[in-house]
Structure formats: structure tokens, C-alpha cells
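Here chain A shows up in two complexes: once beside chain B, once beside chain C.
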Partner chain A sequence: MTFTVEVDQNSYLPAGVGRVDAIITVRAPDTPVAAPPADALEIIILDCSTSMSGDRISAARRAAAEAIAQVRDGVAFAVIAGTATAEQVYPATGTATASARTRAEATAEVQRLRANGATAIGTWLALAGQIADRHGVDRPGGVRHAILLTDGQNGERVAVFQSALDAVVGRFTCDCRGVGTDWRVDELRAIASALLGTVDIVADPAELAADFRAIMAAAMGKTLADLALRLWTPRTARVKFVKQVAPTIEDLTARRTESGNLRGDYPLGSWGAESRDYHVCVELVPGVVGEPALAAARVSVVRGDEVLGRGDVLAQWTDDPALSTRISRGVALYTGQAELAGAIQEGIAAQERGDLRTATARLGRAVELAQAVKEATGNDATARLLAEVVDVDPATGTARLRAEASKAARMTLDSRSTVTVRVRG
Partner chain B sequence: MTLICSICREPAAAVTDRFCELCGARLHPPSADVADRVEVDLDGLAGVSDRGHVHLRNEDAMALGRRPEDGSATTLAAVVCDGVSTVRRPELASHTAATVALDALLASGADVSGMTAAVAAAADAVARLAPGVPDAPSCTLVAAAVDTATATITVGWVGDSRAYWLAENGDARLLTADHSWAAEMVGAGILDAASAMRDPRAHAITRWLGGGSAPEPGVTTLSPAGPGVLLLCTDGLWNYEPEAVDLAALALPVSSLAGPRAAADALTAHALDAGGRDNITVVCIPINCSGGSAA
Partner chain C sequence: MPTCPAGHGSATTDYCDECGVPLTPSPPSPPPSPPRTARHCPACGEVLEDGARFCEVCGHDSTKPAPAPAPWSVVATADRAWFAEVCRREGPDIATVTFPQYCPPRTFRLVGAQMTIGRRSRSRGVEPEIDLSGPPLDPGVSTLHAVLLANPGGDWDLVDVGSRNGTVVNGHADPIAPNTPVRLAVGDRIMLGAWTVLTVQNAGAQSR
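Up next, the complex of A and B:
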């Protein structure tokens, strides 16, 4: 099995400059080797707190049934109901192997769920972690994935929740969905980020079933678990950052684990037939004009110690500005989109705490950046979400927060702030 | 065979790899960059530059020229440089310095101010290779310009590459004074030559081109009384044969029989036979004159 690793950069640097930027496109083979289904694990975690009463719990039951229906024969699965504690709904302990019979049994159990209790997401994650560990004893290297649905804020103390989250990092991946508008985007984003999954809002409970079906279809396509980006840098270098930049922005810099002399691994989670882009930024001691290009970073995609693909980031110094001033299109556009995501998140956080001056400034900047993305790529998804939250006077360029903007519009913008437009491929 | 990285001097971890595992430098510089051995034979002067037996590449450089390019020359010029092997890409410094200094000498003619300006131009060009880099490329330089009409020789140098005058009448002498630790200790009267040369720092040079230094060159002129050979060389030769009379004994018979290229070749072969532990560069310029006196 071979992954393609492509490097998009301008290797030419002006004399005295040591910063090297590159976009690394990692592409899995079109037909990755199918993992035996028995290796894979799916966990469905449903919020059953009191706030879920009414059409939300019934929508959650339907969505869970849709997700269960998507689990392929042979895949291990489990369903957890979350309140102040975590209760395993199906099977009673451990995991069931998907078949027509077990899917029917699980669906029947889910239909009996009632909304009653508090919200302690840390305990739900802890139970999912235990299930994943027991599954992994006999099936190391299998894809372990969870889908988490909630509608409210977590009731746990921050430190308790954070230590529960830290404890499950690397044990399974998790896509998070918030239904309604009473949950906190930053809480679910923290979970999705730590567990290498996605976050999104499902403002209307009626849309939940379709969303769960899509998440589960994507999860069933993942066949390779626990990949990592291995980065070698020369001994004079400093890794400034490593970010996933497509399909979403995820800063991996702090996720490094040392894997040898001058080498570190950054977790990439589970993969199917897909490609993702990473932005690697390294600072070197500036080199000598005219020297042959040196390796500023060497990138490989690894599973354990098996190398699936590799690429080199180069650096060479020139006194020809025509060479050194060209910026790669990928680096430019992803740098802009990363700034855009930050401006949106900071703007909305400022608006929530009542700091309207900062909110207006940051969201005004976001509008400019979103317009640049639209002009460069033709994609106006973020520009349209922004337009529901902030107005910009076309004559003066002055930004104004839209007083009538719905909370759902702001949460949608916030949730999707990290979704990027692919620059190529 | 273990490759040694040319930049950080560490053995490469994987010999099949393209880059040094420690510093990222390319392990196989393009072969067109530097040849193991270069021989140049112009009408009236010739030189040989050889990698030697031990070093992985030739970090010395030489540049030879005459003006005009054909017909009877009015000016002969030659430059020999030795890259400082503890820095990055020393051969880049030596090649840059040699070519820039030669162009300046041929343009300005053979006098002291022309020599000083040529060394300054070479120093400036080497400094521009890597502004602000701590281990920037650097090198030594020895240059000679000969006014053939007056048989006046101007020699300039920085570092420990040398010029010798090997006169056929037996007057053989070293024209340069090394900018080296040993030479400075002897010059200052602190140590005698034997003690200074035994010190591990003996060969450390105290002036060089590049690496942020603006070196003051040594400059001397000579108007020979009779014919002989002007020899420029790096320490790859003179480490084995430092005495002018010994060099004269090796070079003069060959030069008079077979010309300057054969003489440069013979001196290089001598250093190779003695071990060839360093890069060796030798330039010979026969001077034919009937009158004048040593300056």
C-alpha cells in the first residue's frame, strides 16, 4: 500500500531568511486495502439528559436507528446513553457484532430511551474509552470510531472534563454533533479536535437522521487506523507549526510525540480513500546563497514503523528576488483560511462576552478574508455564513454586527469556521 | 563506503539517502560543481589543482588569465584559494574569490593599488554568499599579477596560501608571510619557528575572506634580476615542502625543459606521493627577463 505525498512550496528563500513553509498533500490509495470488518468498532453516544425531552429525544432515537442501520455486517458496535453517568444501552457489556439480528436488537433498545438527567460528557467518553480498549485487546490497529450527540452544555467542572478527555486521546476518534442551540461550540470543538473528528451543528432535529447516516457512511469507509505524520527536521531547525489545513483546520503542533533522533510523530487518525492537506512551517538557520537545495523537513506517513509514503521539503537561498518572492498558491490560500478561522472564532467569542468592538473588528476582518477566498477559489460557503452574522457597508468597508442574526447562524458559522476550501486536487 | 556530510562533517546515517540525516545538506553535490583535478595551461602560465588522496572533494580553486587573450601578453595574473574546511561550502568561497580577484587584476593591471582592490572585491563577493550566517563560506587567497613589459611582479595574500620566487640563479625565497597562528607567534617574537609549528594551533589562519571579516591583505612587489619561476600554492604542497630551495630544485629543471604545466604537474605529483593529505593547488609562471633588480 502506497500513499502519495506531494509537497507544494517555493524552496527559494532570500539571503538571511530561515522560515520555510510547505503544503503537504497526503493522498491514500483509491482502493485502500479493506480492513477486516471485525477490526472496526463503532460507538454511538446519545445525550439523554432532561433537556433532550420532546422532539429532540425522538429525533435522536431516529438518528441512532439510522446510524445503526449503516453499521456493516461484522463490525463491532455499542450504544451509550449519557446523563450524569454513562449507561451502556446495547449490548449489556462489551460490543456486539453487527448482523441483522443485533442491529434490530440495538434499534429496539434505543427506542426505549427517555430523557432524564444531567450532562456529564467526561463520563460518557470514559465508558467509550473502556469499550474501545477491550475491543482493541484482540484487534490492535482496528478503526475505532465514535459519534457523539448532545444538546446542552457539559455540567462537569472544567478540570474533571479535561482530564477525562485527555485520558481517551488516541483510544478512538470521535465526530461530534450539537442539536439545537443550547450547547457550546467550543466544548464540542475541544472534543472533536482532541479525538481527530469533526464538529457541526444540527439546528433542526429533523435533519439529525440524515446527518448521522452521512457520518456513519464516512466512518465505514475508514480502513486504516492510527496513522501518523512523521517529521524529520535538521538539527538547527525549529518546527514552528504543523497544521492539518484541509478538509478542516486542526493545529497538530502540540500533538507531537518524539519518534527518534530529530523526528516527531503527529497523529492523523483513521483514513479511508481520501486526501488531506497539511501546512508545515520550519525555521532554519539561513543557508548560503548558491548552495544546492537542502532538506528543511522530510515528511513521511507512517503506521507504526511502516512507511506508507514520503516527501521532502527543500530550502535553497538565492539573491534573485524573482525566485524568492514567489509564494506557493497553497501556502498563501491556506494561510489566509487559517487566519479566517481564527478571526471568526475570536469574533464570536468576543460577541458572546459582550465585547462588541473586538467582535466587529474581527468579524469585519473575517469578511475581507472570506471575500479573498471566494475570489481565489470561487467558493463562497464561509462568505455566505458570515453575511448572516455581519454586514459590511460596501462604500465605507465598515463592519456592523447584525442584531437580528439568529443564535443558530452564529453557531453554524463558528462550528464550520475550520472547514476549508481545497486549494487543489 | 561511509559518506561524510560536507557541511556538518558527520558520517551519513544512510548512504543511499540524498540528504544528511543531521543537517539536511545534499550528500552528493552536483558533480559539475567541482572536479577532482583541474589543469589549466595558458600561453605563459599554467596550474594544477588536485583533490589529493584523503579529502572527499577539492575545496581549493585557481584562476589564471592573461591580457590580451592572444598575442603577446602585457599582463599575466593568477589567483589560488584554499577553502576553510570547517565552514559550509568552502569550495564556493574559493571559486568565487579566485574568479572575482582574477577579473579585477586583469582589468586593473599589475600594481599595488590594483592588487589591494582585487582582494577587496574578492572579499566582498565571498561575504555576500551568506550574510549573517555563522559558519559562512570562507577561504584564503594568494594572487600574483605580472607586468611583462617591466617584469614587475605584484603579490597579494590573505591567510596561509603562499607565493615563492624560484630564481634560476639560485635565489629562491618565500614572498609571502602566512597569516597563521604560528607565523604570528614567531613574528611577535613569542615562540621560535620549531616550537610554534609543533603547537596544535600552528596552522590556524588569522585572516581569511568571508565570514564577516574585512581582511587587510599582505602585498609585496618584486622586480627580478634574472629569469625564474613564480610559484603560487596552497598548503597541500608547502606542508610537505616548505623550503624555497627545495621547491626550486623540484620545479626549475622541469620548467625549463618542458614548461610551466609540467612544472606544476611535477610539484603536485610530489605532494601526492608524499601523502596527498590535503587538496593541492600549484600555479607556475615563468618569468624571463634580462635586467632590473629585486625590490
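Up next, the complex of A and C:
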């Protein structure tokens, strides 16, 4: 099995400059070797706190039933109900192997769930971690995935929650969904980010079942667990950052684990038939103008010590500004989109604090950046979400926050701020 | 085990796995320029006529060593006349910008091969040598606005690297073309943003 690793960069640097930027596109083979289903694990975590009463708990029950129906035969699964503690709903302990019978039993258990209690997400993650570990003992290479649904803020102390989250990093991946508008985007983003999953809002509980079906379909397509991006850099180099930039922005810089002389591994989670882009930035000691290109970084995709694909980032120095001032399209587009995500998150956070001046400035800047993305790629998804929250006078370019914007519109914009558009062609 | 020119033993055979230099030297690209027989002026780098002793461009005596390169610098100031000009040209958002009450001149010595002009941005990882992020902040200066490139002769070129609001030299009616080097002379005024002017200075020469 081979992955393709493509490098998009301008290798020419002006004399005296050491910063090298490259976009690395990693593409899995179209039909990755399917892992035997028994290796895979799926955990469904449902918020059953008091705030879920009414429409929400019934929508959550329907959504969970939908997710359970999508679990492929032979895949291990479990359902957790979360309140101030985590309770395993199905099976009583460990995991069940999906079949028509176990799916029906699990669905019946889920229908009995009632909303009553507090919200302590850390304890839910801890239980999911235990289930994943027990499952992983015999099946080390299996894909371990969870889906977390909540509608409210976490009630735990920040330090308690953070240590619970840190403890489960790497044990499973987790997609998070918030129902309604009483949850906090930054909390769920912290979980999804640490556990290499996605975060999104389901503003209307009626849409939950369809969303769960989509998440499970994606999860069932993942067949390769625990891949890593291995980065070699020369002795004198410094890695400035390593970021996933498509399909979403995720800074991986701090997640490096050393894997040998001058090598470090960055976790990539589980893969199906998909491709993702990474932005690697390395600071070198500037070299001599006119010398042949040297390797500034060597990138490979690994599973354990098996190398699935590799690519090289090069650097050479020139005194021809026509060569050195060219900026790679991919680097430019993703740098703009990273700034766009930051501007949106800062703008929304400022608006929540009541600092409308900063909010207007940052969201106004976001509109400009979103417009640039639209011009470069033809994709206006972020521009449209922004238009619901901020108005820009086309004549003067002055931004104004829309007073009538709904909280759901702002949370949708915030949740999807890290979703990027790829470079075409 | 192959050994690289710096003496590292390398487990990889294409690039040294210690310092990254290529182990099977490919012809450098661009190909080396053909050896020149022409002589150059030690002071300004201009080609000397055959047998000529004095440079026709700068008058330097080629039997003498090159003079120590005079230090160039730019001084950043908030310029009320330029601000008025931007208002007159109806720059974007200019109505929302106020001229700063207090802006001490800042001097940046031009050193190395290039100096970036812009505003520091953590989100984009840009740390320009000539950082105009203030305070006071000129909102019209792009994060990566322009670059000053050193010439072998000791003087400097200005390149606008695609700034949002453009760069004007000496109050010219049109901004300079992006990504095209413009030769600077001492005394030139680089005008950018809403009110920022960078004046090119050279300690060893008279301002025009």
C-alpha cells in the first residue's frame, strides 16, 4: 500500500533568508486495504443531563438509533450515557459485536434514556478511554472512534476537564456535535482538536439523525488507524510549525514525539480513502547562493515503522528576485485561510465579551479574507456564513455587526471557522 | 556509507541525513553564469571599460580598494502631508483613520540581503525587519507589504510584494507595480499605508 505525498513550494530563497514553507498533500490509495471489521471500535456518547429534556433527548435517541444502525456487522461498539458520571448503556460492560440482534438490543436500551443530571464531559471521556483500551489490547491496529453529543456547557473545573482530556489523547478519535445554542464552541473544539476529530453545530435537533448518519458513514470508511507524519529536518534547522490545513486547520506543532535522530512524528489519526494537506514551515541557516538544492525537510507518512509514502522539501538560495519572490499558491491560500479562522474566532470571542469594537474590526477583516478565498477558489461557504453575522457596506467597506444575527448563526460560523477550501488545479 | 562534503556519514544516499546537502551533486540550477573576463568597479559594481582606471559611473579609482559601504537606513515617520494626500485620493476606509497624535521617528538600519517591510503577525508567522505595527498602528500597511533588496553595488531596490493598498515613491500619482524592483536613491520617500513615510538616508551622503 502506498500513499502519494506531493510537495507544493517555492524552493528558491533570497540570500540570507532561512524560512522554508511547503504544503504537503497526502493522499491515501483509492481503495485502502480494508481492515477486518472486528478491529474497529465505535463508541456513542450521549449527553443525558437535565438540559436535554424534551425535544432534545428524543432527537438524541433517534440520532443514536440512526448511528447504531450504521455500525457495520462485526464492528465492536458501545453506548455511554453522560451526566455527572458516565454510565454504560449498552452492553453492560466492554463492547458488543455488531449484528442485527445487538443493534436491536442497543436501540431498545437507548429508547429508555431519560434526561436527568449534570454535565461532566471529562468522566464520559475517561469511560470511553477505558473501553477503547480494553478493546485495543487484542486489536492494536484497529480504528477506535467515538461520537460525542452534548447540548450544554461542561460543569467540571477546567483543570479536572483538561487532565481528563489529556489522559485520553491518542486512545481514540472523537467527533463532537453540539445541539442548540447553550454549549460552548471552544470546549467542544478543544476535545475535537485533541482527539483529531471534527466539531459542528446541530442547531435544529430534527437534523441530528441525518448528521449522525453522515458521521458514522465517514467513521466506517476509516480503515487505517494511528498514522503519523514523520518529519526529518537537518541538524541546524528549527521546525517553526506543522499544521493540518485541509480539510480543517489543526496545529500539530506541539504534538511532536521524537522518533529518532532529527526525526519527529506528528499524529494523523485514522484514514480512509481521502487526502489531507499539511503546511510545514522550517527555519534553516541560510545557505550559499548558487549551490545545488539541499533537503530542508523530508516528510513521510508512517504506520508504526512502516513507511507508506514520502516527499522532500528543498531549499536553494538565489540572488534573482524573480525566482525568490514567487509565492506558492498553496502556501498563500492556506496562510490566508489560517488568518481567516483566527480572525473569526477572535471576532466572535470579542463579541461575546461585549467588546464590539474589536469584534467589528476582526470580523470585518474576516470578510476581506473570505472574499479573497472566494476569488481564489470560487468557494463562498465561509463568506456566506459571515454575511449572516456581519454586514459590509459595499461602497465604503465599513463593517457593521448585524444586531439581528442569531446566536446559532454565530456558533455555526465559529464551529466551521477551521474548515478550509482546497487549492484547485 | 556515503559521506557528505561536510564529513557527515549518511544512512541515506540522496541527501545527507545530518545536514541535508545533496550527496550526488546535480548541476546547480540556475546553471552557473559563464566566467566573466570583464572587470568591475570595486565601489559600485559597474563593468569597467577595458583598461579604464576610473569608473565612468561613480568615478572610483579602481586601483584603490572599495570604500566601506556607507550605512543606509530608512526613517519611518507619520507624515501629515501624505495623510492629506491619501484622504484626497480617497484611500479605502480613510474616513475611519485618524492621524496619530504622537509618533516618534523610528530608524531602521538596512543590513543583510533583504529587509521586509510590514506588520508583525503571529497568525501568519510574519516578522518583518521593518516592523510598522506600532503603536501607533497604521492600518493601511499590509502584513507583508514590501521588501528592500540589497544590490551588489551597495544601494537598495524596493519591491512591493502585493500589498493591499500599494506603495508610492516620492508622491508619484501611481503606486509602483507589484513584484517589480524599483531602484532607490538617498532622499527617496517611500509612502505607504494611511500616513507612513519611510525616508531613505545614507550617513555618508548628502540628502537631495
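In the analysis below, the second predicted complex is superposed on the first by the 423 of 425 C-alpha atoms of A that agree within 3 Å, B and C clash if a C-alpha of one lies under 4 Å from a C-alpha of the other, contacts with A are read in each partner's own complex, and residues count from 1 in each chain.
We take it that a contact is a pair of C-beta atoms (placed from the backbone, for glycine too) under 8 Å apart; a residue touches a chain by one contact, two chains touch by 3 or more.
Computed from a predicted structure; not experimentally measured.
Undergrad: Once chain A from each complex is brought into register, does chain C clash with chain B or fit beside it?
TA: Here the two partners, once superposed via chain A, clash with each other.
Undergrad: According to the stated criteria, A:235 is in contact with first (chain B), second (chain C), both, or neither; which is it?
TA: Touch status of A:235: both partners.
Undergrad: With both complexes superposed on chain A, which partner does A:311 reach: first (chain B), second (chain C), both or neither?
TA: A:311: touches no partner chain.
Undergrad: Which chain makes contact with more of the residues of chain A, chain B or else chain C?
TA: Tallying touched residues of chain A, the top partner is C.
Undergrad: Quick check on the superposed pair: does A:397 touch chain B, chain C, both, or neither? Answer first, second, both or neither.
TA: second
Undergrad: After superposition on the shared chain, which partner residues are touched by A:269: those of chain B (first), chain C (second), both, or neither?
TA: Touch status of A:269: no partner.
Undergrad: Could you tell me if A:122 is touching chain B, chain C, both of them or neither one (first, second, both, neither)?
TA: Neither: A:122 stays clear of chain B and chain C.
Undergrad: Now for A:347: first (chain B), second (chain C), both, or neither, which partner does it touch?
TA: Neither partner.
Undergrad: State whether A:15 touches chain B only (first), chain C only (second), both chains, or neither.
TA: In the superposition, A:15 contacts both chain B and chain C.
Undergrad: In the superposed view, which residues of chain A touch chain B and also chain C?
TA: Dual-contact residues (chain A): 15-16, 232-237, 261-262, 290-296, 298, 312, 315, 319.
Undergrad: In their complex, what parts of chain A are in touch with chain B?
TA: Per the touch definition, chain A meets chain B at residues 15-16, 232-237, 261-262, 284-296, 298, 312, 315, 317, 319.
Undergrad: If you look only at chain C, which of its residues touch chain A in the complex?
TA: 14-22, 25-30, 32, 92-93, 95-96, 112-114, 121, 123-125, 147, 149, 157, 159, 161, 179, 181
Undergrad: Going by the contact rule set out above, which residues of chain B touch chain A in the complex?
TA: Residue list for chain B touching chain A: 7-8, 18-26, 29-30, 88-89, 92, 128-134, 136-137.
Undergrad: Per the contact definition, I'd like the list of chain A residues that touch chain C in the complex.
TA: 14-17, 232-237, 240-241, 261-262, 281, 290-296, 298, 312, 315-316, 318-321, 323, 325, 335, 338-339, 342-343, 396-398
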